[in-house]
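Some notes on the structure that comes next.
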Amino acid sequence: MDLKIFSASSHPEFAEAICRHLNLSLGHAHSQVFSNDNRFVTINEPVRGADVFIVQTSSAPVDSNLVELLMYIRTLRDASAGRITAVLPYFPYVRSDKKDQPRVCIAARLTADLLQTAGADRVLTMDLHSPQIQGFFSIPCDHLLASPTIIKYLKAHWNLENYVLVAGDAGAAKMLKIYADALELPVAIMDKRREGNNEKPTIKGVIGDVHGKKVLLIDDEASSGRTLMRDVEFLLEKAEAVSADACIVHAVLGDEAVTALNTSAINRFVITNTLPTNTKPLKNKEVVDVSQLFAECIRRIHANESIKSLNDVA
Amino acid sequence: MDLKIFSASSHPEFAEAICRHLNLSLGHAHSQVFSNDNRFVTINEPVRGADVFIVQTSSAPVDSNLVELLMYIRTLRDASAGRITAVLPYFPYVRSDKKDQPRVCIAARLTADLLQTAGADRVLTMDLHSPQIQGFFSIPCDHLLASPTIIKYLKAHWNLENYVLVAGDAGAAKMLKIYADALELPVAIMDKRREGNNEKPTIKGVIGDVHGKKVLLIDDEASSGRTLMRDVEFLLEKAEAVSADACIVHAVLGDEAVTALNTSAINRFVITNTLPTNTKPLKNKEVVDVSQLFAECIRRIHANESIKSLNDVA
Amino acid sequence: MDLKIFSASSHPEFAEAICRHLNLSLGHAHSQVFSNDNRFVTINEPVRGADVFIVQTSSAPVDSNLVELLMYIRTLRDASAGRITAVLPYFPYVRSDKKDQPRVCIAARLTADLLQTAGADRVLTMDLHSPQIQGFFSIPCDHLLASPTIIKYLKAHWNLENYVLVAGDAGAAKMLKIYADALELPVAIMDKRREGNNEKPTIKGVIGDVHGKKVLLIDDEASSGRTLMRDVEFLLEKAEAVSADACIVHAVLGDEAVTALNTSAINRFVITNTLPTNTKPLKNKEVVDVSQLFAECIRRIHANESIKSLNDVA
Amino acid sequence: MDLKIFSASSHPEFAEAICRHLNLSLGHAHSQVFSNDNRFVTINEPVRGADVFIVQTSSAPVDSNLVELLMYIRTLRDASAGRITAVLPYFPYVRSDKKDQPRVCIAARLTADLLQTAGADRVLTMDLHSPQIQGFFSIPCDHLLASPTIIKYLKAHWNLENYVLVAGDAGAAKMLKIYADALELPVAIMDKRREGNNEKPTIKGVIGDVHGKKVLLIDDEASSGRTLMRDVEFLLEKAEAVSADACIVHAVLGDEAVTALNTSAINRFVITNTLPTNTKPLKNKEVVDVSQLFAECIRRIHANESIKSLNDVA
Amino acid sequence: MDLKIFSASSHPEFAEAICRHLNLSLGHAHSQVFSNDNRFVTINEPVRGADVFIVQTSSAPVDSNLVELLMYIRTLRDASAGRITAVLPYFPYVRSDKKDQPRVCIAARLTADLLQTAGADRVLTMDLHSPQIQGFFSIPCDHLLASPTIIKYLKAHWNLENYVLVAGDAGAAKMLKIYADALELPVAIMDKRREGNNEKPTIKGVIGDVHGKKVLLIDDEASSGRTLMRDVEFLLEKAEAVSADACIVHAVLGDEAVTALNTSAINRFVITNTLPTNTKPLKNKEVVDVSQLFAECIRRIHANESIKSLNDVA
Amino acid sequence: MDLKIFSASSHPEFAEAICRHLNLSLGHAHSQVFSNDNRFVTINEPVRGADVFIVQTSSAPVDSNLVELLMYIRTLRDASAGRITAVLPYFPYVRSDKKDQPRVCIAARLTADLLQTAGADRVLTMDLHSPQIQGFFSIPCDHLLASPTIIKYLKAHWNLENYVLVAGDAGAAKMLKIYADALELPVAIMDKRREGNNEKPTIKGVIGDVHGKKVLLIDDEASSGRTLMRDVEFLLEKAEAVSADACIVHAVLGDEAVTALNTSAINRFVITNTLPTNTKPLKNKEVVDVSQLFAECIRRIHANESIKSLNDVA
């Protein structure tokens, strides 16, 4: 089976970086939108029997990117691709993983179902909001973690003396522990009341001690940046931390968010390139490249090698 | 089973009109988009065991409306609705019903699959681009035709003397026959070469006689309006028709299309309200209301009555 | 994976021709009918892990041939064949592709479902009545066209001067265009009223000009031949064409039809061998062999090569 | 839910008898075969939400009747029937219930799958060749036994003194026991070697004693009658039984079989009307009517009443 | 549809309590184990068309109880029950909800799949280890919370002055917040390193302040009690809490665990009766009855009423 | 694809024997049970793309072994095994293959469904209680017979003069014939009345002659041994056989059964090692090893070779 990698529209530079690491050319395909706003996808090279990976991240417009991915997958299936792996560096609707209130849907499960209906044989993704989401799939789902790469980066480029790692809420606390254990730093957790899915929870305090400390907030995703800024404000003003930095795996940040964050008290931002944020004018951003990790994972999936070690903290 | 009707975001006035005809209130629900561009749908009243119809037409943004509909359906399913009927006055990706070239997908089939995966029990739609699309579903799909309503309108409000009905291509010719037979008018067919899915076919002539005739072009859909305008230009200038009107079931027409058509030689436009075109500043448009037809069909589906007669030309 | 080709009962000479082109022996299998009219199929050689193609065309008795094919497929599946491709030169129930009236079924979709339920992994067929039928499958369906082969034949063996191509109805007109474009001939379309599925539509006229012309009627299928004969009668007597020939991809023609056609005004018949019509005493028949095309397509499917070029008109 | 009963082509008098017992009119439907040997089924009355039973037995032509049934079921499903029960007095391919040899299929399982794919919600049948066949369904399958009715008949109309019940092979012996227990008669079993599915096993002897006895052979099915006649010949000539009668639930018997049996030494034939054998000129046949039993079972299924007692021997 | 409730073997007193609240008799059924250790289930009353709830909790022997439940469900399905709801007060394999390490399975997802394969139409359960598990189902899963009942109990019977609520790890912290918000108490979280699924994580400290406080540990499940005891020991000895109590929703506790806990420093245990622990000699246990809550939920599911309010904290 | 063989907990020596015959090492895996009686399975070596066979027989505890097998299969599937074959020397719930009474389930079908839901691609088993059970699978099920191996053993080690083969009931008689034909011995069948699934049928007599003969009872399974002992008692005391031996393929026999059988009049026991009975203190047992047969079958499945000859009696 030949290995072929295609890129949908959302993040071509990431797909190209993967190809570069693997010494491959990106597959030829074309995606356009007609005047009735209907998309049309063509694969412009044979894929019969090939081991195809199609790369699409969930940047805005989210639904359009999702449907485009479904069309790529279906097109590949009907073109007799041998195996189709959907590569989603940032997974769509990943935060909608439970029923916080009655009569809502678990959109991440819906998304998983749609990918399978379209014809995906496998999924490869990074830092799902909760690890339970792997259980939403009936097909193998390889789940990469950004933490080993970020931890390696922090160890190499940061002086972490006097730092406390801070989780924005109890849900983020579990993820924080991997960093805390590897970096041997204490942790604290914001104590909030968040109801339903509204975006303005009340901060009640901080569980753990940050007084006189440098805080590094770690989360899997930031979009509006508002939560982050409110936490930082509280940590510096009420909890008497001395400085604040942030580490965000999936930097969804729109233009408005970038503008706001650039005026915030946060000094440094560590983000990954699972989303096309490289060109965003976010001040002091430090981008950790995970494309090599995806490339190596794709190589191993193709070669039937174990990917176990890729998530090990060095 | 209670009958409940909900409206997704694309065409609330159509859903409200249906409710008005049925003497029902629209169901309470809410749909919003978060800062990460993820949509969030809530149903705000109980639907357990209810016979629910959710109305969404495929206006732009097409993919966003499609995914919103899928989320409504899944939410209703998980909220234990008794039966869920997706009501799609204009069906998404309806023109993508065959493989015109290798390595493309039949997006209308994909859409049908997605609706079923989300949890739809039935589909109700109007004027599918080809009647074969009904065969894409594994669930019952009720297919309404606009022709009886339009024919009734034309008979009541138009003087059809000296008219010839014109189909834009061989594919549209089959649909034309229903009108021709009912209105007892001759037909002609544009003779074109259309390759793949590109939008600019070459006009080779007209099969049938339009010389000295008033032409009424009939089609299931217009989006850019360009095909229509090229046909009209040919019919008037090369084929020596004396005037041109158009009847379009699904008026997808964007702003640019409306502007262009307003400067065209087309005198009158008959369209339906399957899409929210009522407020579009299309000159001389005559809107045929099909909401009563949908309402009656929903009533019959709910009451287990035959819908056969709804597609009969009076 | 070994390539193996089996033949069910309907058209062994076609399967043998495919094998000859591929330099293969036909697979050993046996099919018999017991005294309770139950069929019994045995595969008489190992097929574990093999890439198996089973050839069956939809000649009469249609249902018996369909069920025999389903039994072959299921037998191959349970015998652990690696991949099973159903090769159906003429697809069963191909004309039943839409709901022309209420409370009928789309039998072509049912047939597609049955093939998948039996265990087919792929389908290979020719000239489906409408291209939308490909959308009835959830498995890859390779769709060959007879037109490139027929066009090549006509160019080589016919003098097409003064010819007009005629489609029997609007539905057939789309298919006609491929021939018209390649042969650079004008077209005309019979104007009929056909209700439901009854077989006697009324001819209202001819759209397009055939006066003083030689007409070549082209259609995907003829069974009773009555439509063809009525069209020819009209074209010659009413529309003043000077001669009539016919080109039919799938010559279903029974004995009665052959007898009738032999007394008709049609001079030449071009047919293919998708059905075992070679031995039929149809006068002046010219059989275009498509077995080589099927053989080449099977070779490419087996070798994971693109089949795209097989449908290109030279 | 209204109760509606339709009859496919194989055994209309049986369906009518059921209707008569239930005081219902048979549903309006039509089934015809076109000149291309494609069948076309229409349901001619509304069935939306109805509780529909469609009656078809597996008489010859078996495959044609099977496909017709599948088309009825699919048509009913697409016409929004509320629940569809396939009523098969004699089930197709019921003897093909195991793999007697490699590379054959279990056609009864295939048949069960096809019925579900077409859209059947339930199945109602009688005297499956082996009770394990119920396990081939994923939908509820109600399995009626003819034995209570036949036993009641024999007790009422036969003098069973000096009788021995004889099973044609070990497989039939299990079924025989119900009769033996109820009629308090001894049993014997033909000792044969039957290889694969060929129809001529060798008789090695009789297990059990029939010397000087009247034998009554009991089996679920007879088609050619040859097995029966060979058994009788052996029993009378070699095993010295004094007379022979036969009781066959499903009398598949074709014309040739009837002729042969009429010349055989068998005195009396007890058969049921699961197949349209009433008009067959079988000498001395005694037909046990099971239509009332089917009618009562349908009534109970419709009314959600237990059918348990229907299989109890009185 | 009649409402019927059956009890499998694990927790008959809970099923009986539900019936008592609903003024119903428990359905008649029987479950036995043969000498080959194969279980055999019979339903001893008609269930055709009934709305059936089958109650089984996941006490030891877990696998035997799971398979028994699957057999009950399948038996009900094949006996034509109208709707089958599996009621699982404590869900099997609920802690196996993610892949903590490579090459393990998410057993809670497997369990969800098995229930659906057996034939369950709905699931009703309580306090899933993580709310994401609802996303493992393709059928509606109603998820009750014990917290409203427990909070009501604590408010009524406990003096909560000077208490701190303690979560055993970050994962449990989310659940804790419901209690903390309703009881207006501060929280603390054990800081541990837990690798893979081994049961002995290292306690690194407590995040939050418990010095001089009474601690109430809250968790969804306790089985060996070892984690609980190690936490309490640390809280009292290292973190200088003054007393320790525990509140456990699902008290899986075996005999050994009870013995150990009876010698521990934990004063009071609040547990529910989702598992048959009432007769366990756990000292100072206070059992909060949730059978009324399940009964009311079943009543509402049956009556198609909203269950939303059942999870509201009063 | 690499060939890998894993053993679940029930019969490791059998899996090891298979590996020895194939010159392979058993795959590394681990299965443990937590204090909440939840099992946890880990595969401790890469299996991506491998052709994996997992061996588990249905010894007691049956349900625990079944669930463990399902967990192994699911774990292998999620770990991207290339193909998973469940090897079940003795199949679970194999005797529950029909509905002997209303409102029971066909547990063997349920088991087949569960294996497929877990993710099995194939099944390999031996001596199913009835051959129809193969029809319960939608995946290929290879069915080995113990008879060729046992017949070879008996021919080599027994003097079969004056023997009669005896089947315990009509159901077992079919299986008996293979032995009778190969060993050229007469047969007899116990005549019993067995109602429902209770274990104490009444013996009415013996069909066939055993007077003065040595009887060898042959059955596919014995668990309590009671049926066997009652049969032997009758054969020796009432039917005047001179000695009794038994041949049982699947020796489920528990401790109590062994004790009882050791005091019975049965002289010799021939059993296979499909169950771990080798260490059971059954007197005079003669164990026929079938591990070589399974090993050869696995080799052929892996190599895509026909397994047909493995069931041929030499």
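We just call them A, B, C, D, E and F in the order they show up, numbering each chain from 1.
Here is the rule we go by: contacts are C-beta pairs under 8 Å (C-beta built on N, C-alpha and C of every residue); 3 or more make two chains touch, one makes a residue touch a chain.
All values derive from a computational prediction rather than experimental measurement.
Among the remaining chains, those touching chain A as well as chain B are C, E.
Contact with both chain C and chain F is made by A, D. With steps allowed only between chains in touch, the distance from chain C over to chain E comes to 2.
To fit its Cα atoms onto chain E, chain A must turn through 180 degrees, a value rounded to the nearest 5.
Here chain B and chain D face each other with different sets of residues for the most part; under half of the interface numbers are shared between them.
Each chain gets a centre from the mean of its Cα atoms; for chain B and chain C, those two points are 33 Å apart. In this assembly, the C-alpha centroid of chain A lies 51 Å from the C-alpha centroid of chain F.
Here the CA centre of chain C is 38 Å from the CA centre of chain D.
In chain F, 77-79, 99, 102-103, 106, 113, 306, 308 are the positions where the chain touches two or more neighbouring chains simultaneously. Contact between chains, using the touch rule, shows up for A-B, A-C, A-E, A-F, B-C, B-D, B-E, C-D, C-F, D-E, D-F, E-F.
Listed in rising order, the residues of chain D touching chain B in the complex are 46, 48-50, 77-80, 82.
Listing the residues of chain A that touch chain F in their complex gives 122, 140, 301, 304-306, 308.
Those residues of chain D whose C-beta lies close enough to touch chain F in the complex are 97-100, 102-103, 106, 108-109, 113, 130-136, 138, 143, 167, 169-171, 173-174, 176-177, 181, 187-189, 191, 193, 207-208, 306-308. The part of chain A that touches chain B in the complex is made up of residues 34-44, 47, 59-64, 66-68, 70-71, 74-75, 77-79, 92-93, 95-96, 99, 101-107, 110, 113-114, 117-118, 197, 199, 221, 223-224, 226, 252, 254, 257.
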